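Below you'll find the structure, written out as structure tokens, and then a few comments.
So that you can tell them apart, the chains are marked A, B, C and D in the order they are listed, and the count of residues begins at 1 in each.
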Amino acid sequence: METWRTAIVDAGPDHIRVRGRDLLELMRGATFTDLIFLMHHERLPTPAERRLIDAILIGSADHGPGAPSCAAARLAASGNRQSPSAAIAAGVLTIGDEHGGAGWSCMNLIVAALERARREALPLDEAARRVVDDARTARTRLPGFGHRVHATIDPRVDVLFGLAEESGLAGDGVRFVRALERAIRDLIKPLPINIDGALAAILVDLGFPPMTGLLLFVVARVAGISAEVLEEYLREQPMRIRIPAEYDGVPPENIADC
Amino acid sequence: METWRTAIVDAGPDHIRVRGRDLLELMRGATFTDLIFLMHHERLPTPAERRLIDAILIGSADHGPGAPSCAAARLAASGNRQSPSAAIAAGVLTIGDEHGGAGWSCMNLIVAALERARREALPLDEAARRVVDDARTARTRLPGFGHRVHATIDPRVDVLFGLAEESGLAGDGVRFVRALERAIRDLIKPLPINIDGALAAILVDLGFPPMTGLLLFVVARVAGISAEVLEEYLREQPMRIRIPAEYDGVPPENIADC
Amino acid sequence: METWRTAIVDAGPDHIRVRGRDLLELMRGATFTDLIFLMHHERLPTPAERRLIDAILIGSADHGPGAPSCAAARLAASGNRQSPSAAIAAGVLTIGDEHGGAGWSCMNLIVAALERARREALPLDEAARRVVDDARTARTRLPGFGHRVHATIDPRVDVLFGLAEESGLAGDGVRFVRALERAIRDLIKPLPINIDGALAAILVDLGFPPMTGLLLFVVARVAGISAEVLEEYLREQPMRIRIPAEYDGVPPENIADC
Amino acid sequence: METWRTAIVDAGPDHIRVRGRDLLELMRGATFTDLIFLMHHERLPTPAERRLIDAILIGSADHGPGAPSCAAARLAASGNRQSPSAAIAAGVLTIGDEHGGAGWSCMNLIVAALERARREALPLDEAARRVVDDARTARTRLPGFGHRVHATIDPRVDVLFGLAEESGLAGDGVRFVRALERAIRDLIKPLPINIDGALAAILVDLGFPPMTGLLLFVVARVAGISAEVLEEYLREQPMRIRIPAEYDGVPPENIADC
């Protein structure tokens, strides 16, 4: 018999438990953010942890309709009015390494660097300089730094780090990302920490696995995409979105016979 | 120039506003549920409204890995390990009229029936009986009633209606759905209100547009799908899911030449 | 045990059969178009039928990168470089009632009208006039007529109808769509048959079920989307696509406290 | 102005060209396989090349409803009856590195090995042994070898290689994959070339870029998925697919307070 195991939900005719906890109790007293934390982390958050995750989810939910996630969702809602979930899925599919996925890469980077610092007894500043050196040698980008719109500093980063520090939850993750910002400034050029870098640092300090750097962005962004799809259905005409494109391929006269 | 208008987010280099409100303030003091409410409703919730939406989102987030949404997400994570967002999208795509979408249909039904009751000055019990009569004549199902797993009553329904009544937020939506349950029992057979029917009634009473009956289910369920995908990536082997199927089509010998 | 039945493929360790036919024989002697026909129709095409389906698939495969299907696929490829199939899926999701789906609606309309003409012994011209009258009364659009780009006649329509008539395969479907064009011209205004209307008429005459009006468009368009995604990956920078949008929602000063 | 460039389709009000060729001419005389070749390769195929691509597309279109692509599509069609394209997209999303994507990895491997053989003037057998040695050292799998269902040899492989050799199109790609099969047998254990390995070898010999190892599989498989979705809509009840799963997570009694 085909079965699969799960450690998240246990649903029978008389009960539904999430990681062993009674769903009905959670419905009566917990917040949706508590549940998101529990499902991705195996325990419920403290109030200070909940505050941080709320701030991360709110800060990632939307960034205007020009973001690929919202634009693709609106395009799908424009051509296919049969299924709002199809439009939401189209938006989700634009999320990856280049859009909303830097948090995952950045968490992998932080976890590896902290591990190395521990193993080799390096101070964080030294560990950060080595990461920057390695990236320069390999000519790779450092995820979590720089932003297309916010040239100097994304104001959401200040809020996230402020909340983490006020509550005493900022740990080696936040410290390492700040050390990395200094090392990038000294060895390459000033590049501000972006929202992906900030949430990556905090999620490491809260003990989340690296893939949640992408997953919590998706969970947050779906709220924004859903609202954009609602607006597109309720307020806009189908097929209104026309994106100009110009042809620069093979000209008609240059066709070789085959 | 190609543009599109939006009423949700206004993001410039120096500010991000959600429906006119400062995103940074929301990050500091609001919950993710507040933001979901604001984006789909144009204002922030009262504490009692927030409690209800939290309960709805928690109650809809997951229902075990056998639900089509989670099963499809795990299948995609099993075959395509390159993109967690692809697996989440595959799960979202199973959500529609038959799975998670009854809330939308039920909200449409409630809104139309309340409108008719007002116009024709009908008591709610009479309006409910007419809806049941119409459904019997047209041989259509009544969305929001009956459940595959919970034969009697889904315990989540009691929690939702209990919270709505304690807080004084239960209005004509809840009253009408209860009247409909009585009319179905008297005219057809006893069929319990399911979670879709309960959330539909409450969302009507909170002033949400009908499509949110589906959209808030998607927002909630993505949290559960995301956790199932995380587990599939971290704990399971690729391509482990094999679903048995048997062929019952054209036999080899019966092929006509064409 | 969970199983599902299928009438399409029968695959064991020693054989693979498609609708009862040996897959290896098909690989040696059939065309991909033959297989598409067989899978959606239960038999292989004649040479003339194959020519028509080839023309339909070629004519629907792409219509430039501004089409929602290609634009959404390129947006996904721009943000998520981890999975080409995610980008193709994003393109597919834009296909529905408003984009690429008119063929389905048009086939439903033709089948219903031909059925009515037979039942009521109406000439096709009279049946067409009744369809136009009904659409005017109900204020609904007639699928398969009019086009955003081609104001007069889409040249692909002439090719399809030309092939259908040369080969003697044009039947009541084609005749009815032409009658409908005349009725629209006389009762509303001249509106040319578009590619969806042409393929709908021909697919009805070839005996395909109405949903293939959408499905064959998807099969064809995936070839075009795939090529656009290949080009986006091989030639373009990630996150290059920025779609301008302007905010026209709630202004900051108008926020009511709640 | 936002634009994007394309080299595939050039569509104006009076013409549609695909890579510089007149679409109407293609509709009149080419096959869908010709168009797929043209869009992914920049030229039309010879008759022998067309035969090979037809065989690859036919051989990849479906492998029974237990394949993740078909299973996910049927699950989506079972829960969401509003949009056939949503079901097709759910199927496409399961295609990746583990399902249908080995052709891409295998083409990358072949191209790199042939490049190295040329650079270092190695015979193909020696180049193959080095690839196997490297994979053993790095403990990575060799894409294109072994199959879940076909323990010995997938009969589709014989057909593909037979067609390639009869037509004289088999080149270094096919020779290298055969050398690799011998090296795997000698250095590890006998593992048959599978369909992904066969199509990868042939696509390399025809001059296609490596990503087409995945893309042409998607184009082919969408034909099969589409037929499975059609059958699910026309013949089956919604929500019929229930996949058994068993809970093996945190037991209720083991919950620590937090």
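Here, contacts are C-beta pairs under 8 Å (C-beta built on N, C-alpha and C of every residue); 3 or more make two chains touch, one makes a residue touch a chain.
Everything quoted here is computed from the prediction, not taken from an experiment.
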Pair joined by more contacting C-beta pairs (B-C or C-D): C-D
Relative to chain D, chain with the most remote C-alpha centre: B
Centre-of-Cα separation between chain C and chain A, whole angstrom: 36
Intercentroid distance (Cα basis), chain C paired with chain B, Å: 30
Centre distance in Å when chain C and chain D are each reduced to the mean of their C-alpha atoms: 24
Multi-partner residues of chain D (each touching 2 or more other chains): 1-2, 4, 6-10, 64-65, 80, 82-83, 85-86, 89-90, 93, 95-96, 101, 241-245, 247
Touching residues (chain side chain B, partner chain C) in the complex: 1-10, 17, 19-22, 42-46, 80, 82-83, 85-86, 89, 93, 243-256, 258
Complex contacts: residues of chain A adjacent to chain B: 2, 4, 6-16, 18, 23-24, 26-28, 30-33, 35-36, 39-40, 53-55, 57-59, 61-65, 74, 83-86, 88-90, 92-93, 95-96, 101, 149-151, 155-156, 159-160, 163, 209, 211-212, 214-216, 218-220, 222-224, 226-231, 233-236, 240-244
Interface residues, chain C side, partner chain A - complex: 1-2, 64-66, 68-69, 71-72, 75-76, 78-83, 86-87, 89-90, 93-101, 148, 238-239, 241-245, 247
